[in-house]
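The structure appears below as structure tokens.
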Amino acid sequence: MIDPVVMFFLLGIAAGVLRSELRLPVQVYELLSILLLLAIGMKGGIELARQPFLALVPQMLAVIAMGFALPLLAFPVLLYFGRLPRTDAASIAAHYGSVSVGTFAVVVAWLSARDISYEAYMPVFVVLLEIPAILVGIVLAKGLGSGDSLRRSAHEVLLGKSIVLLVGGLLIGWAAGEEGLKGIAPLFFSPFQGLLALFLLEMGLVTASQLGTLRRYGLFLLGFGVLAPVVAAICGLVLAWLLGLSVGGAVVLATLAASASYIAVPAAMRISVPEANPALSLAASLGVTFPFNVVVGIPLYHWLTRHAYAIFGGS
Amino acid sequence: MHQHQRRLLTIVTESTIEAHLLRDIQRWGAHGYTITEARGKGARGVREGNWEANRNIRIEVVCDDSSAERIAGGLRAHYYDNYAMILYLSNVDVLRPEKF
Amino acid sequence: MIDPVVMFFLLGIAAGVLRSELRLPVQVYELLSILLLLAIGMKGGIELARQPFLALVPQMLAVIAMGFALPLLAFPVLLYFGRLPRTDAASIAAHYGSVSVGTFAVVVAWLSARDISYEAYMPVFVVLLEIPAILVGIVLAKGLGSGDSLRRSAHEVLLGKSIVLLVGGLLIGWAAGEEGLKGIAPLFFSPFQGLLALFLLEMGLVTASQLGTLRRYGLFLLGFGVLAPVVAAICGLVLAWLLGLSVGGAVVLATLAASASYIAVPAAMRISVPEANPALSLAASLGVTFPFNVVVGIPLYHWLTRHAYAIFGGS
Amino acid sequence: MHQHQRRLLTIVTESTIEAHLLRDIQRWGAHGYTITEARGKGARGVREGNWEANRNIRIEVVCDDSSAERIAGGLRAHYYDNYAMILYLSNVDVLRPEKF
Amino acid sequence: MHQHQRRLLTIVTESTIEAHLLRDIQRWGAHGYTITEARGKGARGVREGNWEANRNIRIEVVCDDSSAERIAGGLRAHYYDNYAMILYLSNVDVLRPEKF
Amino acid sequence: MIDPVVMFFLLGIAAGVLRSELRLPVQVYELLSILLLLAIGMKGGIELARQPFLALVPQMLAVIAMGFALPLLAFPVLLYFGRLPRTDAASIAAHYGSVSVGTFAVVVAWLSARDISYEAYMPVFVVLLEIPAILVGIVLAKGLGSGDSLRRSAHEVLLGKSIVLLVGGLLIGWAAGEEGLKGIAPLFFSPFQGLLALFLLEMGLVTASQLGTLRRYGLFLLGFGVLAPVVAAICGLVLAWLLGLSVGGAVVLATLAASASYIAVPAAMRISVPEANPALSLAASLGVTFPFNVVVGIPLYHWLTRHAYAIFGGS
């Protein structure tokens, strides 16, 4: 059966498509995303404190490398098969190389509902994957001479809402530990799934508003929005296997690879590559890939992982 | 009551670029500004304001004629082509001309 | 003793009447109503899944019939005794024929606090009662020739916030079941009464702002605002008895009948019967009937029900 | 910098009728609009904006003179009598006349 | 369509004084007003609007010329020195002059 | 270790100082402060119902007296040592004579985390301490001839958001009792610390924006902002000892004395003493004293209390 949180997403899409007057105030959207980002960060931080940090460094470097590689993979496809202008191809590549925290929250809820455990320090990977693709995207759009613009962009993303809250949450979780955070659990941890459900209701409404753009830009975006995440998920899965992650961890990493940013990257591209049409990248990442991952992708990546791990070995 | 004529420059644009825009219009001569949250529709489609990527802001700057020209010119040169943006100017009377 | 949630309502009225500067942001109001509507819908849906649907159809038809009948009862009173213009009489009749979800939430909390059980699929009746009165109101105002306007209105109400969230909640509750929704309970179900308390605080502030209008329109509105719900409650009670509902169920149905809309109907009337003065209908429904039901009505309807059921039989 | 004169039409009215109003003003010639949330007071009393039934919106439309006349006329004919609404027009200068 | 000229007075100031300000401008002749939430920057620094002490409101009043003078004068006498405030006037055309 | 809620405060300051784009919508700030004020009020009310009210009257009078005394102590220091204009000195004195509900919430959370009990009717003192200093401030600024302005100010503060919600909460808690409020606990009581954490995140952002002003006004404000609370805390501690409060209660009263208002008083001063520069008083109370109390002050006052009580006797 579909997960309840996904039902909220579908409700949002349905309401949007039917032109219902249902609207969530943007301030509610902001509150929800702040709570989710902090909660995700803190959960990661709690776990991080339990790990020997140095042991994670190799994994972290590998994940960063994937963050650089994925947009480089996507770019030529967009340029040659999609026949998109260079700036648009670069911008979309950056979106797909980076990650969507919303999708991450859904995969985590999906695994918890099925009692599948995963390496709980995964939020660290969310942070690590957010930025490299943006840098690659800018270089792809503007050439290597864009050093100044690069530095400013990196700076802006580092100080953007998502990184500040994720990293802040990580540090708080790491310093306070599970015990220390028991007092604030009733706001951040217990209602997590409910907050996610409400967030997905809103994302459904926003997704529905992207469908018009999608229609205008034809089939290529649709195809790319479905195939790119599957290919990326396989990359993530292979990497997870190489790093010796558990099945749950592999599903998370595959989903992160498959997910496309719709918050941090659009903002960064708007500033650094303003010539790129934001309608195009959002229609793909939010209008196609986000719903695909949430409804079809996550179960698919789990199925793939289980079979791959059964064949090639791994827990 | 003596009144002095100034120009009121109104800009409606994407909220994403707020920080950069404010820095620029102050560099081009604005001594102050007022911002309200907005949503709307124009050549670049509907911007519903229900989500970070489609929020508009409406910026007002009261200034003298030459600053208004400079700001409008700067916006045309650096922002017009790539951002959802409109801009219009009108005449207003102020009481304390030294402020603007 | 007065229920705590009602105390919040009284606090809101007091703050409003004393012209305190206390104000709840409208976005908080919206968030609260979204959460309450979804929670009510989901609770109904969970219960609906436990019932044989077909067995409920006769009850549902009877309730719809009541939704058509109540405004037809109110209209002549408003027209002849109230000497109101036709459009105003029609609009007020529509308000009183329809229901108030806030009042429904209060009666449900009132019963729970007293461990009185009721047919838990009642939210279905909320949905069913919301619309018929609007159609009747439009016909009363504009005559039967208003088919086009009717269709548009029905469409708009169906896609209005309250119906979409109630029906969406019903479907999600029905599909996921109690077990499936355990994950989101800490946001939607556990804090329900607290959310309702905050909502009533805001409704108290809004109610206070209606009292000025009330004074201007004199005694008739006041009398109507008190008597109409009592008469309607008796209709609801009789219907509940005929349908064989439990005491709790009868109290809920009586309260639904007694309640007057202040969300969906005002919006619909504003569009379809713009000549009607909205100040009039809101002063009555929100300034008189809502506080009356919340503070006096619900205990009264319970008292009536218990005695009626004792005399005529029924559980 | 060449500037072109246009009309700025500002409407303040009940938010309940937003969808219908936007459809109509576009039918009457508006190519775009900007909306901000508002509250206020007028002949129909205080509209505090703390609740769905008493919220106002403030709509701005930049357009040519004849569209402005048509929209204002349409609003007067179809909305004025039954809704809390004010409407005023002013002159503004724009840089890209083709947009409006 | 006959149009009548009126004055539009726009005030941007601290939200803390809203209640007092509204009482005063109505005493000085305003028949109505429209308020939007705002933030901004001026001589008294940045007012970000993220907290009760630094929120701005933007008040618009459409009125006849003499009321506009009276209100602007009153504001200058009683508010200008001690509050973050700007104020400007412009000409607008209205359709129903009796309202203002 | 630092308390987690304080870590959120530091995260807010860090984000603000680094010019991150993190921003909490002002509506979220308002919702949080409404929830915190109501919760604090209700907790106090529950406890008040358990006390013989008359027995508290002497304590209440003593606390009110302290509310009048503290600003009178601060004023000459500000006037002569700070060389501030009369109106600014009066306004700052009013800020420091009154209390900060946010600081109160932090000390309460701090004590709970350490299982240190305190007289749970303390919220009553918050209410009592809020107003006297405002009246003193106005008289200091405008002379005793300002009777009319005084009356209006008292009226406005009494009907301001904080007093209405605190007193409203007190009454509701008092009338309903712990048992009666169990239904709304999941919104108001269980997530209290989480709500406080989020509130402190926002206060951190606001504090950071005060630091610029602070730099402009030099060292005196900084020194005053650190020393004034320590001196006031000692006054509060002595009073607590005289009143026979427990160690926990003494820490709370000391912290209340040490805290400086940044909500009710700024608003009142803006209206009644408009010549006073609000940047000055906010830079001190919010930019220095609030962080000082939250991070350093509370543990310090606890340390002082324990030693004082050990030496002079007291539980």
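We call the chains A, B, C, D, E and F, going by the order they appear; numbering starts again at 1 in every chain.
In this section, contacts are C-beta pairs under 8 Å (C-beta built on N, C-alpha and C of every residue); 3 or more make two chains touch, one makes a residue touch a chain.
Note that the structure is a prediction, hence the values are computed from the model and not measured.
Colleague: Work out which chains are contact partners of both subunit C and subunit E.
Modeller: D, F
Colleague: Taking each chain's centre as the mean of its C-alpha atoms, give the chain farthest from subunit E.
Modeller: A
Colleague: Can you tell me the C-alpha superposition angle of subunit A onto subunit F, nearest 5°?
Modeller: Angle of rotation between the two copies: 120 degrees.
Colleague: Could you work out which chain's C-alpha centre is the most distant one from the centre of subunit C?
Modeller: B
Colleague: Same or different: at the subunit C/subunit F interface, is the fraction of residue numbers used by both copies above or below half?
Modeller: At the contact between subunit C and subunit F, which are copies of one sequence, the residues are largely different (under half shared).
Colleague: How many angstrom lie between the centres of subunit A and subunit C, each centre taken as the mean Cα position?
Modeller: Their C-alpha centroids are separated by 42 Å.
Colleague: Where the centres are mean C-alpha positions, what is the separation of subunit A from subunit E, in Å?
Modeller: Going by mean C-alpha positions, subunit A sits 46 Å from subunit E.
Colleague: Measure off the straight-line distance from the CA centroid of subunit A to the CA centroid of subunit B, and report it in whole Å.
Modeller: 34
Colleague: Can you pull out the residues of subunit C that are in contact with at least two other chains?
Modeller: Residues 21, 23-27, 186 of subunit C each touch two or more of the other chains.
Colleague: Enumerate the residues of subunit B that touch no fewer than two other chains.
Modeller: In subunit B, the residues touching two or more other chains are 36-37, 90.
Colleague: Applying that definition of touch, give me each pair of chains that meets it.
Modeller: Touching chain pairs, listed by label, are A-B, A-C, A-F, B-D, B-E, C-D, C-F, D-E, E-F.
Colleague: Which bits of subunit D are touching subunit C when the two form their complex?
Modeller: Checking each residue of subunit D against subunit C gives 14, 16-17, 20, 44-46, 48-55, 81-83.
Colleague: For subunit A, which residues count as touching subunit C in their complex?
Modeller: By the definition above, subunit A touches subunit C via 1-2, 4-5, 7-8, 11, 14-15, 18-25, 27-28, 109, 112-113, 186, 190-191, 193-195, 197-198.
Colleague: Hey, which residues of subunit C end up touching subunit A in the complex?
Modeller: Subunit C residues touching subunit A: 25-27, 30-31, 34-35, 156, 159-161, 164-165, 168, 171-172, 175-176, 180-181, 183-188.
Colleague: What part of subunit D is in contact with subunit B in the complex they form?
Modeller: Touch residues, subunit D against subunit B: 1, 3, 6, 8, 22, 31-37, 62, 90-96, 99.
Colleague: So in the complex, which bits of subunit F are touching subunit E?
Modeller: Residues 23-26, 29, 202, 205-206, 209, 213, 262-263, 266-267, 270-271, 274-275, 278-279, 282.
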